[in-house]
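By letter and in written order, the chains are A, B, C, D, E, F, G and H; residue numbering begins at 1 in each of them.
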Amino acid sequence: MLKLIFTGVGGQGIITAGIILAEAAVLEEGRYATQSQSYGAEARGGLTRTDIIISNREVLYPKIEQAHILAILHQRGYTAHTGTLRPGGVLIFDEEAVNVDDKTDARRIPMPILENGRGANITLLGILCALTAAVDPEAVRKILHRRYGEDSANYEAFDRGLSLVSERGLSPLLVGF
Amino acid sequence: MLKLIFTGVGGQGIITAGIILAEAAVLEEGRYATQSQSYGAEARGGLTRTDIIISNREVLYPKIEQAHILAILHQRGYTAHTGTLRPGGVLIFDEEAVNVDDKTDARRIPMPILENGRGANITLLGILCALTAAVDPEAVRKILHRRYGEDSANYEAFDRGLSLVSERGLSPLLVGF
Amino acid sequence: MKDIRFIQGNEACTLGALYAGMDFFAGYPITPSSEIAEMLSGELPPRGHTFIQMEDEIASLCAVIGGSLTGRKAMTATSGPGFSLMQEALGYAVMAEIPCVIVNVMRGGPSTGLPTQVSQGDVNQARWGIHGDHAIIALTAGSHQALFENTVRAFNLAETFRTPVILLYDELIAHMRERLEIPSEGEIPLVERLMTSVPRDVDYRPYLAREDGRLPMSDFGGAHRYNVTGLYHDMWGFPSTDPSVVRGLLSHLVEKIEGRENELTFTREYETEDAETLLISYGSAARTARQTVYEARDKGIRMGLLELETLWPFPERKVRDAVAGVNETVVVEMNLGQVFEQVRRVARSPERVFLANRIDGRFITPPDIRKVLRIIAGKGVWA
Amino acid sequence: MKDIRFIQGNEACTLGALYAGMDFFAGYPITPSSEIAEMLSGELPPRGHTFIQMEDEIASLCAVIGGSLTGRKAMTATSGPGFSLMQEALGYAVMAEIPCVIVNVMRGGPSTGLPTQVSQGDVNQARWGIHGDHAIIALTAGSHQALFENTVRAFNLAETFRTPVILLYDELIAHMRERLEIPSEGEIPLVERLMTSVPRDVDYRPYLAREDGRLPMSDFGGAHRYNVTGLYHDMWGFPSTDPSVVRGLLSHLVEKIEGRENELTFTREYETEDAETLLISYGSAARTARQTVYEARDKGIRMGLLELETLWPFPERKVRDAVAGVNETVVVEMNLGQVFEQVRRVARSPERVFLANRIDGRFITPPDIRKVLRIIAGKGVWA
Amino acid sequence: MNVQNYVRKRFLPHLWCPGCGHGTVLNALLRSVDELGLSKEDIVMVTGIGCSARMAGYVDFHTMHTLHGRALAFATGIKMSRPELNLIVPMGDGDALAIGGNHFIHASRRNLDITAIIMNNHIYGMTGGQFSPLSGPGTTATTAPRGSIDPAFDAMDLAKAAGATYAARTTTFHVRELQKMLTGAISHKGFSVVEVFSQCPTYYGRKNNTGDAPEMLKAFRDETAKIGSKTLDENPELIPRGVFVDRDAVDYGEAYAELCRNAAKEAPRC
Amino acid sequence: MNVQNYVRKRFLPHLWCPGCGHGTVLNALLRSVDELGLSKEDIVMVTGIGCSARMAGYVDFHTMHTLHGRALAFATGIKMSRPELNLIVPMGDGDALAIGGNHFIHASRRNLDITAIIMNNHIYGMTGGQFSPLSGPGTTATTAPRGSIDPAFDAMDLAKAAGATYAARTTTFHVRELQKMLTGAISHKGFSVVEVFSQCPTYYGRKNNTGDAPEMLKAFRDETAKIGSKTLDENPELIPRGVFVDRDAVDYGEAYAELCRNAAKEAPRC
Amino acid sequence: MQIIIKTDWCKSCGICAAFCPTGALSVEPGEKARATDVEACTGCGLCERLCPDLAIEIIKVEVSI
Amino acid sequence: MQIIIKTDWCKSCGICAAFCPTGALSVEPGEKARATDVEACTGCGLCERLCPDLAIEIIKVEVSI
């Protein structure tokens, strides 16, 4: 079972990213997954968070108290949700937008995610696929195809994520499952 | 405890008559009374019925299954409600409008009540006062005064009822209480 | 001199409301409650108080809430169909803690049902008609004298607990006429609104309870500017989704009522001291029950009556104790057993609690009760 | 090939409705139910079926009733505030025996409450929101697969019993996405409307029940002309105040549902065979409960879960039997104990029934349940 | 023809009071149905709650007696489901424009092919004579013992502003005009409204000293005038009768059918 | 003057989306209040539910955030109780004219001295972009993916027909006009309505490809014209802006006060 | 001309008599409507349309010479 | 002329810059509004009225000669 939290602000597309990831696991890999998000008075333009759990059997409790992976695209997300990362977990964050302090017991992975503008959320997926065994990149590509057809921008954003990991010389992690 | 039922059709004023009688008992004689009426789909222009119970102590159950006195101003009232008269009770009815058969075990008192047109309901009160110890005629007169002021038509109708009893040579009955 | 009237129950309720100081009425006519609005349309204007006939029941209760918030003792009156429509606004009054009185004169339901006939079918709706958790106060009465008193009490409780209070009574009481002796001024004490002592320009917190649980108010539109909302809110009345605020507010709303069962248990007892058979009843049905008790006593049968005037919060302790002391209990009501279920719930031996009821639009009779008493070894019958 | 989706609960409900043959939707948007209307506004027109956005929730349910009467499988969807507004029309559907499905996606109440947060506070309103005596069917679900199935079931029961069916689920289920495997055509049997066999021009009695209690219908506007009303009515649908008609109709309305508890008890059991501790839960809370059961089993604790999918009529027998076989029962829900009270009511040893709940708008967690289990010698806590 | 062919004889004589104008509306409606040659099976009558609403019990059509103020919402559901039926929705003035006001304006806006009849007796008859939003200032009523201070709606103005495509007003005195308007309304494609001043001698009459039913009809005769007539020009204080709106506009049912046809051409979705 | 004096600063920046017109309505309203020299204590703002309704949270008046569609009914209660207060009731288009339509027409009819503001973004903003009765045919919305077929109300026509004594329309582009109309409406004695076209870039804009907030404002500029202007005469397809109704009529509160005064002269009754 | 009055439906409201242009009908207080002057009837049909109780039917009898 | 922009309230919608008649303001994508040409400002007040976020205040500075 792999537990991921993505957080950002409205418009960054992190909820869509979460859905695509979970969809890839469920529809392409025959696994189980849940995706949920928190709304609030501030949903619009405010902080958003989505919880994704991927598992080989039915996922019951869909909220995450202790995530394996936390991806952060906005500083407010760091402040609000850093406590949800399990000790020793993986913290992926935008290296421009988010400042991470030393106190967090986590593997820190800064990345130039937001550089990719509107495709940043898809780039994040690429990074995740390259970095973890969460889902196979091909599965994600299939979902991208179903959702957006041939629109190449998405594939480019995704590949950018994949290559970022190798560019930075990071090797795949074994988290979750 | 005296139980009276008046029945007629909408417009004959039997409900008002019932209220006046009970009011006289309560407000002028310091007794207890309840007055209730039955509504139905046909309330308007249809058959109406009012139950009046007069007593020296609080009246609890306000519906009458077995009346001491039943006053009927319309044939349909006879058909519908004759069963509510207790055996040996008093049946007062308009001699023109209502045909009474022999089967009823009751003292039958036909009277030319409706002759009095719009005052017929008050005439009925006069008849009742003269015929029974229900309430004192003076008490009724006081209520008539409160409600209608000096309007002499009402007093005339009432006196007509009182005198009808003596004209017909009827003597006061002892019913109820 | 005593002020004695011979009037309908709806008039007794109206007079009770006026006695309590009700000075704002908004409503929409419906049988069998309309006489209340009709009488008030005559009585309120000469006093300079508000009577307004609204476009529907929803608007009526909304206007009542607005009136109350600005310092009035406000009320509306309706029957089942209208009461159903009021549930959303009633929930608002609960949430925003607006004192007001809602009279529901019960007729036969469900739906349009039996507009002009007697029923006591709305007891559970009074408790649970609102969506979401909540608590509510609902009173009833079985005579005009009691109706007058409980109308005054409804206003008193509304002010004391800053909450809507429902006054439920039935068509028989509404339309029957009987004697009412109007208490002299001061004979029934009135609870006036607890006003804040916070001075102008000082931070007033409309939703900060005092130690005794009461919340001092400030007339809306007056010295203090604050916010009122149907969302979960903080002590200033501003929306909040903070879990502790949410939990705190809901607990407060429920505790202030459910936690005060003692102060809210109003009952009458007749011939209960040595009773072996206990009738429990309320509203007009309690008249039949009491009649039955007296008739039984005349025959030497040791029967008594516990008449409930508080329906909600259900007087658990009182009922449990009363039931514990008798051989059998018969709940007398004109519905399928809504209070009966409650009595069973709280009784230690629910199998000794029976139902004598009537659901056909006719008034329940002493024979209806006696029938159940005769077959008491069996169970409640629908007759 | 299997048709698998990864979707929100509201979509699962919508797909279930379409599978069931729903061909008429009228609604008014409200969080957290709006996705249902949104999806249907796309899906119904190409099928030639009706989607209409009405001016409010009252009109929505009225239109649904009209649609149903003319032969459609009709539905509306709303949340607490809208459901409160629907109570009058819901009572009409009960009284006139109109099959239809009302989806109430629960959010925090009372009042506007917590529009975007999870709660299960409308359970009792589903039962008692209508004025007057009545009975009602209400289902719920704790996963998308179950939601799909129970949506189909809701339509089936509506047709079988000629009654409105309420489908209650919560914001978590509504908005969470998970896997749904769409059953192939015919995999879940559908109940189609029972049509009268009375030929045209022969006296058709819309309210004459067959021996099995079912009432064959005739599409309104079709071969038979009859009357439909919310008043008490005779077998032709014409108003009647005859006491025996009134009693007969109300008994029929209640008996057809309350008397069929067996046919209406839908539950799921997990690890109950040898359980010493029983959790009872429903909706999204049952996910947490099941998770807790598995975690306990991993530690060798003999815990099981009874998940309710029928909320009303309350599955008394099933619950009573389940509770009877264990040492203690914990009801897990997100309200102040609405189902807990029912379980206590039917349990033979109510003092061994406890409550693990959450009322702060947050989803209930396994630790919330474990906390109660730890202090089980005490009583249910509001946490 | 005989209007009695269209009624459920076992429920007659009806329960309306002697002289109640609602009976005259029924009378005219049946003649109009006959004139149009509609069969009893083609008509669905939906009513709300009120004296007016009793009409559903008397006519031998498909009849539905619903909730106070909600008749048009029910009718909307029926019409969307069965566009081929003729929907006739008689309502009281309170039914249509007090509690039912919202459904009235929205039905007008949508322009779904339904015929609404406002049986305007200027009072809540069924509940015993409270004023309605059509009573107007000065009307005495059980909830306005000193005369109402509530301004009245003009139902025609409202129908027009809200979007009704046919709107006409007459009275129970003008029985031929009434029948013509009902015929016009029923044949009209789109939402149509006929407002009929109808006398309530029992409550309105008694409270306002109008005299009996014939007197009330005389008042309808003397206090109204046809739009465009010289009488009206010369006496602008008279209440105008006539057809206020009669225009073509796409009917909602048609628009919906069109939407469905176009949508069906798309690729399937789910 | 500084509009910020009238807001509850701790709740700002507000929660409306970037470029949302509702903020501009707030802006103009505060200026109008300042222009009129009203003190914060003299004003009661009642809102319903919707993005529009959030306004009650931001202004430092007496504020009440009520139920969807019911704001005018609550306000009626407050005004009847405290006639000296200024009642301002901002509503969304759905709030005012979908679920709230009945209260809107009845408040208009009564002519109680309340100022209603319809913040018309032609969409249900708060619930995520469903069409409203003011959207109009062709509008794309989450519940009209192929474009709405629902005819729209004209809020001005409706207000006028229902009896409002002041009714004006403008847009969030025409900010000076807006302030003037709000000032006119608040000073008007009787029921007044100001309809403001307000942009919702998030839902209406995105669904209907209008471009961003500035583009939407340009559309307001280009697609409307003042009543009586040459532009409007020459381009009748433009949407008219301006004051549609401004008339004197007895205000309900005054009429009620008069009724009370007269009644008080009678002998006591009960 | 044939004037059929369904007396069991008639409620004596007096409308028919009040407006019959030729005075063919009369309604005594409390009595049912009666055709007191059938000869005068022109068959205009006003009474049958005005009657709130559907109690009148006018049949034009073809007189063959 | 003084153009005060409350940047913590500004939401970068671009309205002020789009309609300032003199081009005194500019809003870069994703950035807060800025007064890029204060000199050009005529103090017309349009921007402060148009701003949905109450984020602009124009103060006319009296220049004493």
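One rule holds in what follows: a contact is a pair of C-beta atoms (placed from the backbone, for glycine too) under 8 Å apart; a residue touches a chain by one contact, two chains touch by 3 or more.
Quick caveat: nothing in here was measured; it's all calculated off a predicted structure.
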Fill in: Contacts common to chain C and chain G (chain labels)
E
Practice prompt. Note the shortest touch-path length, in steps, from chain G to chain H.
Written response: 3
Worksheet item: More C-beta contacts across E-G or across B-C?
Response: E-G
Fill in: Whole-Å gap between the CA centroids of chain B and chain D
55
Worksheet entry | Centre distance in Å when chain A and chain B are each reduced to the mean of their C-alpha atoms | 87
Worksheet item: Centre to centre, by mean C-alpha position, how many angstrom separate chain A and chain H?
Response: 39
Response to the item:
Chain-centre distance (mean CA atoms) for chain D and chain G, in whole Å, is 59
Worksheet item: Of all residues in chain D, which are in touch with two or more distinct other chains?
Response: 42, 45, 55-56, 58, 81, 88, 92, 111-112, 117, 229-231, 239, 241
Fill in: Numbers and ranges of chain B residues touching at least 2 other chains
40-41, 45
Worksheet entry | Multi-chain contact sites of chain E, meaning residues that touch two or more partners | 17-18, 67, 98-99, 101-102, 106, 133, 146, 150, 256, 259, 263
Discussion item. Quick check: in the complex, which residue numbers of chain H touch chain F?
Written reply: 8-15, 18-19, 46, 48-55, 57
Practice prompt. Would you mind writing out the residues of chain A in touch with chain D in their complex?
Written response: 19, 22-23, 26-27, 32-37, 39-40, 43, 58-63, 65
Response to the item:
Per the touch rule above, chain C residues touching chain F in the complex are 15, 18, 24, 26, 39, 42-43, 45-50, 52, 54-56, 58-59, 62-72, 74, 88-89, 92, 220-221, 223, 225-231, 238-239
Item to complete: Would you tell me which residues of chain F are touching chain E in their complex?
Response: 98-99, 101-102, 105-106, 109-111, 133, 137, 146, 149-154, 157-158, 160-163, 249, 252, 255-256, 258-259, 262-263
Discussion item. Applying the document's contact rule, which stretches of chain F touch chain C when the two form their complex?
Written reply: 11, 40-41, 44, 46, 56-57, 60-67, 70, 73-82, 85, 102-103, 106, 256, 259-260, 263-264, 266, 268-270
